[in-house]
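Read through the structures below before going on.
In the two assemblies presented below, subunit A is common to both, partnered first by subunit B and then by subunit C.
Presenting the complex of A and B:
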């Protein structure tokens, strides 16, 4: 392990930013946001950024390809430029797990080259969660907030930051920081982890269990009567899908500009009626079906296709953002207690 | 030609022929700018066609894989992209990517079997690919029956090909029907599901269905009453799609993605999925 004094963290960040674009969590008007590092910026003390690190690898909108149309003739223009290396500092355990979930979608054959390119160029420095919050339930999905995954894991102790290189690219980056770090920090990391575990044990959602869900439970839950009451108040606003670090549904749309057609990929939401509507009909006619789709996908369909891994990371963003205070925890509790055998 | 490395970036296709099939169905012939077939495919597979600035949509490839010169798409006018295509002329370029989906198991499951094709309206489009594949490999398959119905005689897709080619082939029986009596029509009148029961097929056939949901529902019911097993019946599905590679989430039913795991499903497999299609 390597460590640096708390007061030297900005020297270290400055060092990283010499070789790659660096993003750190910074307090903004609407909460903490990953912001490109510049001297003078202060690290946020917030537990979570408002948006997850998904945005870096699967941005809300991106230009896929351009077209020039002249009469009956079409020209296809792949205008992608060379991707630069970038580093994300301070990703939380939940967000880091979400990348594993997205990887299984976008990196499975046929590989999404846009996503793969960003993954190849991005380095994630995760940060153990010093103060997990009452909306946190990552432990439900087997995530340890005191020991996140990532290319490099960082622990913030009282007097020092401790770094542990995990992956090949993480270790390489850490080595480049030898001038601003020194050996040690194991004790600090242990203390931090113990403190975090003490808080985790007291969290109100620590007993939320997912074990009734998972692989091959479609028949058990699809026709559960609880969906009706659960979905009744859903506005279909899609906020939960937009703040979700694992939601991956997208739309492809063309825009006519003065100089040609730009084809974009944009996030979409299974909560919207338009998502599945086609001229032949609407397979999900009411909000009940759309609501059910979102949770069935995270709790049953995704695990069925991905070795039992759930499509939720317990980050709690949807808990704090849903305008009607509906969320996956309520869904799991309600469906879990119902007798659907 | 198949753009495996960049699944979302299409290539150019050129419309070289437009055939008016019915008042709202046209069949488009598409090749690459070099005049070649855009990519290889299996019967029942689909392709994404787009007109930049208008949109992209998934269509079944209606021509047979045994056609090595071009691909054909029979397209019903029913939305932005299809309406635009319907006013397109020969020489118009489009974009094309694919092939997508599993296709019909013509080699694995259909070989050596008597085949019963049942189609309604534009539902003939994906089956035409299989029918012509079977015709091109005639020795590998048993007797072929085709039951095809539409609202009127004018709404029968590929009518000329049916009359001049399919009906004249040995070992192929074509049974056409239209919904209501029409002047000049001497054939059968009535809905497809009822006609299928009337024809009283032996239950040793493999049935392949495509058509409007209501037709599928009643035909399936009829076939089961006649003694067919669900494992003998195949159909192909249609859901909204954007990516074609099982990632955009639109065509998700249960743990399956229609664009990737379908669009062809055997009835017993389909019944295992949640009823949301």
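Presenting the complex of A and C:
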């Protein structure tokens, strides 16, 4: 492990930013946001950024390709921007796990080269969660907020930041920072981990269990009567899907530029009435079905297709953002109550 | 903060259910914490007793839900409406969105609702409990101990500038009715008007650039009740799922504000639900302020059947040119 004094963290960040674009959580008017590092910026103390790190790898809108038409010739313009290396500092355990979930979708055949490109260029420095929030329930999905994954894991102690290189990419980056770090910090990391574990035990959602859900439970829950009451207040806005670090559905939109076509990929939401209309012209007719789809996807379909891994990471963003305060915790508790056989 | 307790409302609901006046109750369902309350329809007395909640986090305006809830309802639905909710209720009736006969309205007093975002800003993460006091709340937190917060610091935006404590629609009232209040709700609009066009443009550019087009503002808005919104229609050409330039967001919000102008009661739900914290109510208030100035004071929803100035067409109406000129100033 390597460490640096708390007061030297900005020297270290400055060092990273010399070789790659660096994004750090910074307090903005409306909560913490990953912001490109510049001297003078202060690290946010917030637990979570308002938006997850998904945005870096799978942006809300991206211009995939342009077609230029002149006469009978159609020119295909790949306007993928030159990809540079970038580093995200301070990703939380939940967000880091979400990348594994997205990887399984975008990196399985046929590989999404846009996503793969960004993954190859991105380095994630995660940060153990010193102060989890009441809306956190990552432990439900086997995530340890005191020991996140990532290319480099960072622990913030009282007097020092401690870094542990995990992947090859991470270890290489850490080595480049040798001039601004020193060996050690194992004790601090242990203390931080113990403190976090004590807090995790006090969290109000620590007992939320997902074990009734998972692989091959479609028949058990699909027709549950509870969906009616759970979905009745749902506005059908896409907030939960947009702030969710694991929601990955998208739509492709073409825009006529008169001399050709600009093709965009944009996030879509299963909460919307026209979702999947492009495929068969049979979108889900009512909000109950749309609502059910989102939660069944996270809790049943995704695990069924992905070795039992859940499609939720317990980050709690939907808990704090849903305009009507309906969320996956309430869904799991309500559906888990009955036997549903 | 709230003077009325959930028990009073539960007793009222249970009585109306058991006497057959109503067949179901629209209210608020308790959540995991003290603040995550969900609008809900109750049909069962035990469920009502265990899960019905009324308190400082029942800001949700449930009027719009009546469109869906009354559609197939055989018996009357009891709905508890706060003063500001009753304006939306009337406006929906003016627009013939549901059958008044299917609803039994119990007007309830409101002391102003709390904004959990403001509480979190002040108390930090890790909120374990929020208890109501006479003039604020006490928050138990994981990291900052117990914190007392004053009412004026935690009120929802719209409640800070409450326009009325008077119920404009009800079948019966709990407690005494209040009055229409003097308020400063147009001050912020006036401040925007005082800006230079450039400053104002930058203000909105900055605010609206955060929009993620979740459409929660539209979905919650009691004035947005089209069966099919043009922005949900892929064939319309304006669906704008891919906001390929920042102009898209501005257009959406400005068009929406135009669409609800004269019908917006200023219930403030758009700003309350915006996950990106965009002060959308200011757009609507600008229209209300202009309408008041050009056509005389008008409050949408005050009376069922009132004709909004923009669709009333009287000879005294301001000439469009004059309005444009005045608007320029």
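We adopt the following convention: the second predicted complex is superposed on the first by the 328 of 341 C-alpha atoms of A that agree within 3 Å, B and C clash if a C-alpha of one lies under 4 Å from a C-alpha of the other, contacts with A are read in each partner's own complex, and residues count from 1 in each chain.
Simple rule for what comes next: a contact is a pair of C-beta atoms (placed from the backbone, for glycine too) under 8 Å apart; a residue touches a chain by one contact, two chains touch by 3 or more.
On a predicted model such as this, the values are computed, not experimentally measured, just so you know.
J.: After the alignment on subunit A, I want to confirm one thing: do subunit B and subunit C clash, or do they fit together?
T.: On the shared subunit A, the partners fit.
J.: For the overlaid structures, how many degrees, to the nearest 10, lie between subunit B and subunit C at the C-alpha centre of subunit A?
T.: 90
J.: In the overlaid three-chain picture, which partner chain does A:268 touch, first (subunit B) or second (subunit C), both, or neither?
T.: After superposition on chain A, A:268 lies in contact with both partners, subunit B and subunit C.
J.: Does subunit B (first) or subunit C (second) touch A:277, or do both, or does neither?
T.: It touches subunit B and subunit C both.
J.: Considering only touches as defined above, state whether A:160 meets subunit B (first), subunit C (second), both or neither.
T.: A:160 contacts neither subunit B nor subunit C.
J.: Quick one: classify A:238 as touching subunit B (first), subunit C (second), both or neither.
T.: A:238: touches subunit C, not subunit B.
J.: Given the touch rule stated above, what does A:65 touch, subunit B (first), subunit C (second), both, or neither?
T.: In the superposition, A:65 contacts subunit B only.
J.: Quick one: classify A:251 as touching subunit B (first), subunit C (second), both or neither.
T.: In the superposition, A:251 contacts both subunit B and subunit C.
J.: On the A-aligned overlay, A:112 touches which partner chain: subunit B = first, subunit C = second, or both, or neither?
T.: first
J.: Where does A:95 make contact in the superposed view: on subunit B (first), on subunit C (second), on both, or on neither?
T.: neither
J.: In the superposition described above, what is the shortest C-alpha distance between subunit B and subunit C in Å? Please give a whole number.
T.: So the smallest C-alpha to C-alpha spacing between these two chains is 7 Å.
J.: Under the contact definition given at the top, report the residues of subunit A touching subunit B in one complex and subunit C in the other.
T.: 251, 253, 255, 265, 268, 277-278
J.: Please give the residue numbers of subunit A that touch subunit C in the complex, ascending.
T.: 29-31, 46-47, 60-61, 63, 131-134, 199, 202-205, 229, 232-233, 235-239, 242-243, 251, 253, 255, 262, 264-269, 272-274, 277-278, 319-321, 323-327, 329-330, 333
J.: Mind listing the subunit B positions that touch subunit A in their complex?
T.: 4-12, 50, 52-56, 78-79, 89, 91-95, 212-213, 238-240, 242-243, 245, 247-250, 252-255, 274, 276-277
J.: Per the contact definition, I'd like the list of subunit C residues that touch subunit A in the complex.
T.: Those residues of subunit C that touch subunit A are 31-33, 35-41, 60, 65, 120, 125-128, 142-143, 210, 212-216, 218-220, 228, 232-234, 239, 241-244, 272-273, 275-277.
J.: Could you list, by residue number, the parts of subunit A that touch subunit B in their complex?
T.: Contacts found on subunit A: 64-65, 67, 69, 72-74, 76, 78, 105-106, 110-114, 218, 222, 248-256, 261, 263, 265, 268, 270, 275-281, 283-284, 289, 293, 296-297, 300-301, 304-305.
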